[in-house]
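I have a structure here, written as structure tokens, and I will follow up with some questions on it.
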């Protein structure tokens, strides 16, 4: 069978081909929206027309058969149109209120989790993990599944003070949005890379390996035509391994998960904020990482109990102070929490103002 | 005439020798105070006793005759007791209300400036300048005099939203408290040091000279047994000159004054804060530095017009934003305002939130 | 295909209400040997608590320097189906809208040439086809490109730009995010497909400061819609909100600039002090709308924490009209890239380069004037440079 | 002495209401040749807009490594009176209280041995005698030391500790600042007079977080009084204040932690959330007082901006009782100095050293446990070290 003529540099199909008619007609004319339930909302146009959106969770890692099922639903209810959100949910849109209930019913019948709209937990932005990445210190999809099972009510039903964005990255490259998330998990190493001198010699460029290290822990080992690591300088970032595959850093016993919290990207009320470290290490305990899900629950509980309406996790912490956060959650404050790198100076408490805990 | 036997390591006289009786008796028993006027206040003790304080400005650079005059006043009104404040004012204390007016009268008659208490401008913390320091890029005492003449009403009379702490340092060593003051002036250079190779060879230690440079601008010049400077790396800090006198940096035409504002050290309401650059350079224009006093007035005027009661300069700016500050004062925002050194990253506007100006 | 591997650990992850990626892998495994082995391979990772993927080699399609991530198992003998398991990054349409016809066609092709597994979407925004062999890359590409699809970016190239859905369904969009994203993507096809940068470069475009695409955290250039002039207020709707919410507590007291007032009757905003954070608008969408002079703020530099800590993008152009043909915008981007090409080290992101060479220098070199909107605060130390022209001789 | 130099520029600075340093110099010049030449020398600096002092050489008194700053004119021929013009730093009494008898005695000695000019006080807190010749140093020291005075610090030594007036006249002092300052000064006479540190070290002691001695900005160790437990409230006085001020706007709304409430009748404070900023207490001093469990917070590290930017002191001990004999305190200081001596480079302040070697390492080495009060926020990047004992083998 001969292949069709390949084309190059044509870019993606123009989005206009894919817009549902009610969207195309009212493009740029929306006036306001209302959240109708955890999984449904309506947007109202200047023209008076409305679009109803129904959102459902996906695990992001989808089989083609699953996509075909989404397509079938879209064909049945939405004229064959559908979209995905920036957090990997699937959205079905209809142009009349009467079309919402049947759509939701079908989704529920098929056991889809409808929800994620409004002040709730939406889907987890995450990464490849053991399913596909050589760099992973943990799995991403499994962690997401374990966490979302545990907090699913906040997706499908219960409200929170505001949206809580959860993210997972399987290594410090942080392909997810971990560094600015309300609650995020990141796979971390605790031990330095192991050097396979023979492979370094054959597969790696020594100067770029050396310069990849942010702490200058790596130096040449000319005798072996390889490199050596000053162990006490290594902070296990794995950047050398990204550059030189002969320096594997994965370590089944000591790889684990760090939890960072309080980040956001929206500009509402407070500026976008980086997440901060709250638990430096939890062992990898697949398949369901109970210590991790427990810690996430602790954070959520303290947030629900303490935050004012509209406060994001970081805004709540900002108000009660980090010492308040450690008090409310009971997490232990350790040496690892104290910055000793790029931002260290700015994190020291240069004030006599702190709260007793 | 033979000298008395010298003693060593005896430390200063014990303060208890110098306390006025009412202070000694009520030490640790004070209950509250009231500000009675710009230059007088009363502290009330648990015992019911009171101490009235009268404060007057000094230029800090005092002749022995002036000190004798203070002593005479203290003897006449205060049993021979007096103190100086941490901002170089002199304080006279009496234990009865009736003693206040005669004391104030005498001070006024002798042309002393009574004031500086409460939400006002107090004395200027400052440094040696041309009167005594080899490192000075400007004079300190003269600047202080010019500024205080200009704002004296805020010392003796008028209230401000809160205290405004002014400081002057004659070079970036900042022997004053410039780096955390509401409004501060600092003498700055604009040109690199000039190297006197012969003297470097004879008087300086080359390695420590090289390592003194924060930007690594200095390298050895082995031929001359001296050093050389990469001009474009030099930020004119003068630290090399502190270490090696053969690298003078003073430059009559290009030395001048930078203004930094918005710092504070008290913990009230907001944490202690560093002052930030608002005018990178004003030429040295002795004896009265009119461009400097104008700029200080501009800042004060905008502060008085804009700040809420109790807001310090930095707190006011924090509320209106730095873009608001530049708008209100009309100062030009230049490349020099943008940090390119230690803290640069933390000063970038990592948010879409700013105000139009 | 019939089940090849026992997966007791993964099976645990089919329990519970959230949709399971294991179920997806099992669905794919029904017609794909690759996915069948993926299940076994992943189970082993779970058991041993360690990844079994090797560093990927460079694979791809003819004429392209990116778009495919090479991936190999380190135990290919045990799991031949994933000996090669490369991912193909297909450039998503702006806004992530699809028709079922288009998607089904892609699914059929992927069943034919790949594992039957996908990521919808990858974190950057690509439609990621997960797992195929080297020899299938070329035919898969021929099939999809002939149907109007193209690859996204990888390596030291422009990465697939992505955006929030903007004007298509959101009342707050100040710029046409989807049109801009599509235009940038088309404008820079060469930069996307033939890696020639010091490192990766990402665009993300959000219609307003709510930033539903997280652009400020993960795009070398973040384009964020904004406005000048007064927030539009519908006082009748304010009254309606007053009946259902505590406007004082939820809006006035939470406005970060304290520039709002509500006396029970009408709402006032001191627009000169508003920083356009979007809080009030988002929580009172029927009553408040962005102003009418709309455009974007350009921010530069965000990236993940490797190696000296994460950066968020920061303001380099406070306001720019983003209207076709976007000349001023493209001119600036070209200048920025030129500067980065000239000065950037290998694997140095633009944000890191600016940090290294200094923000003032960047501004001078690309021809932007300093503006207080670019900084949260001016520098605090008295150490700053002058040009020759500033010096009295 | 009669006038030696015309000083038209300086004369300008005798005009205006603020007391003039020029007048002081002229007063001193009446009996001192040195001060007479100081006038001319300063006038020349004003005219030429440049300093005429040379780098000081090392001068001092026998057995002491500091306390005197050597100073020489670079035009001694023109101004022989200031050819030498060294300053003598005399350690002030804690709290800056004096009697006229003591001051007059010092003045007489200074007229005899020096220029008749002083700084009351230097920025560090010394009683600075400004300008004398090398040969007068030893006799001046003999005279003053025999009368109970001693030199302060200079060079790489402990510098003269100073404090706010604390319990002597302030109702908010949580610690006895003057007693502590005197004790530290006496305890460390050797460290003050025989420079043996990598660089200077300063103590400043404030009775409460108002910090009237600016300790947080300019002391390697800042000792700041504070308390635990509830703020003492006198509700009757609250009522009185309610008559003269807007408590809601001026106090409740300005409390940084939002932990106060006033319902028109009584004031409530959620003390667990109070950060002891002092605002409410300072503005309502008759109604509110610090709690009764009093002590200090120890902060370390502040310094001026040379060379990588200023530091403020930061918390290293959240709470410590500061009562004689201050054993726990001195033990800690000794450990800190030992660590600094061992690791500090020449001209490296303690704060800079901690920054270089890391704050966690400092804490471990001097035996302090980590505490959230030590940081404004935890680190944001995922790069942190572990000890051998934390690793599974």
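The first chain written gets the first letter, and so on, giving A, B, C and D; residue counts start at 1 in each chain.
Simple rule for what comes next: contacts are C-beta pairs under 8 Å (C-beta built on N, C-alpha and C of every residue); 3 or more make two chains touch, one makes a residue touch a chain.
Only a predicted model underlies this, so the values are computations on that prediction, with no experimental measurement involved.
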### Higher-contact pair (C-beta pairs counted), A-C versus B-C
A-C
### Message
Test of understanding: which option in A-C, A-D or B-C shares over half of the contact pairs of B-D, residue numbers taken as the match?
### Response
A-C
### Inter-centroid spacing, subunit C versus subunit A (mean Cα positions, whole Å)
13
### Task
Could you please state the distance in Å, as a whole number, between where the Cα atoms of subunit A are centred and where those of subunit B are centred?
49
### Message
By the touch rule stated above, which residues of subunit B touch at least two different other chains?
### Response
172, 174, 179, 214, 237, 253, 267, 272, 274, 341-343, 345-346, 350-353
### Summary
Contacts with two or more other chains occur in subunit D at residues 209, 211, 216, 256, 276-277, 305, 309-310, 312, 380-383
### Task
Report the residues of subunit B in contact with subunit C in the complex, numbered from low to high.
172, 174, 179, 186, 188, 190-191, 214, 232, 235-237, 253-254, 258, 260, 274-278, 280-281, 319-326, 333-357
### Query
Inside the complex, what are the residues of subunit B that reach subunit D?
3-15, 17-20, 23, 27-28, 30-33, 43, 51, 53, 57-68, 70-72, 74-75, 80-86, 88, 93, 112-113, 125-127, 129-136, 139, 141-142, 144-146, 148-149, 152, 155-156, 172-177, 179-180, 208, 212, 214, 237, 239, 242-243, 245, 250-253, 255, 263, 265-270, 272, 274, 284, 286-288, 309-310, 341-343
#### Entry: Of subunit D, residues touching subunit A in the complex
209, 211, 216, 224, 226, 228, 256-258, 272-277, 297, 299, 301-302, 311-315, 318, 355, 358-361, 363-364, 370-386, 390-393
### Message
Which stretch or stretches of subunit B touch subunit A in the complex?
### Response
267, 271-272, 342-343, 345-346, 350-353
## Note on the structure
Interface with subunit B, subunit D side, in the complex: residues 9-10, 12-13, 15-25, 27-28, 30, 35, 38, 42, 45-46, 48-56, 63-64, 71, 85, 87, 90-104, 107-108, 110-111, 116-121, 123, 125, 130-131, 139, 141-143, 145-150, 162, 164-165, 167-171, 173, 176, 178, 182, 185-186, 189-190, 193, 209-218, 249-250, 254-256, 276-279, 282-283, 285-286, 304-310, 312, 346-347
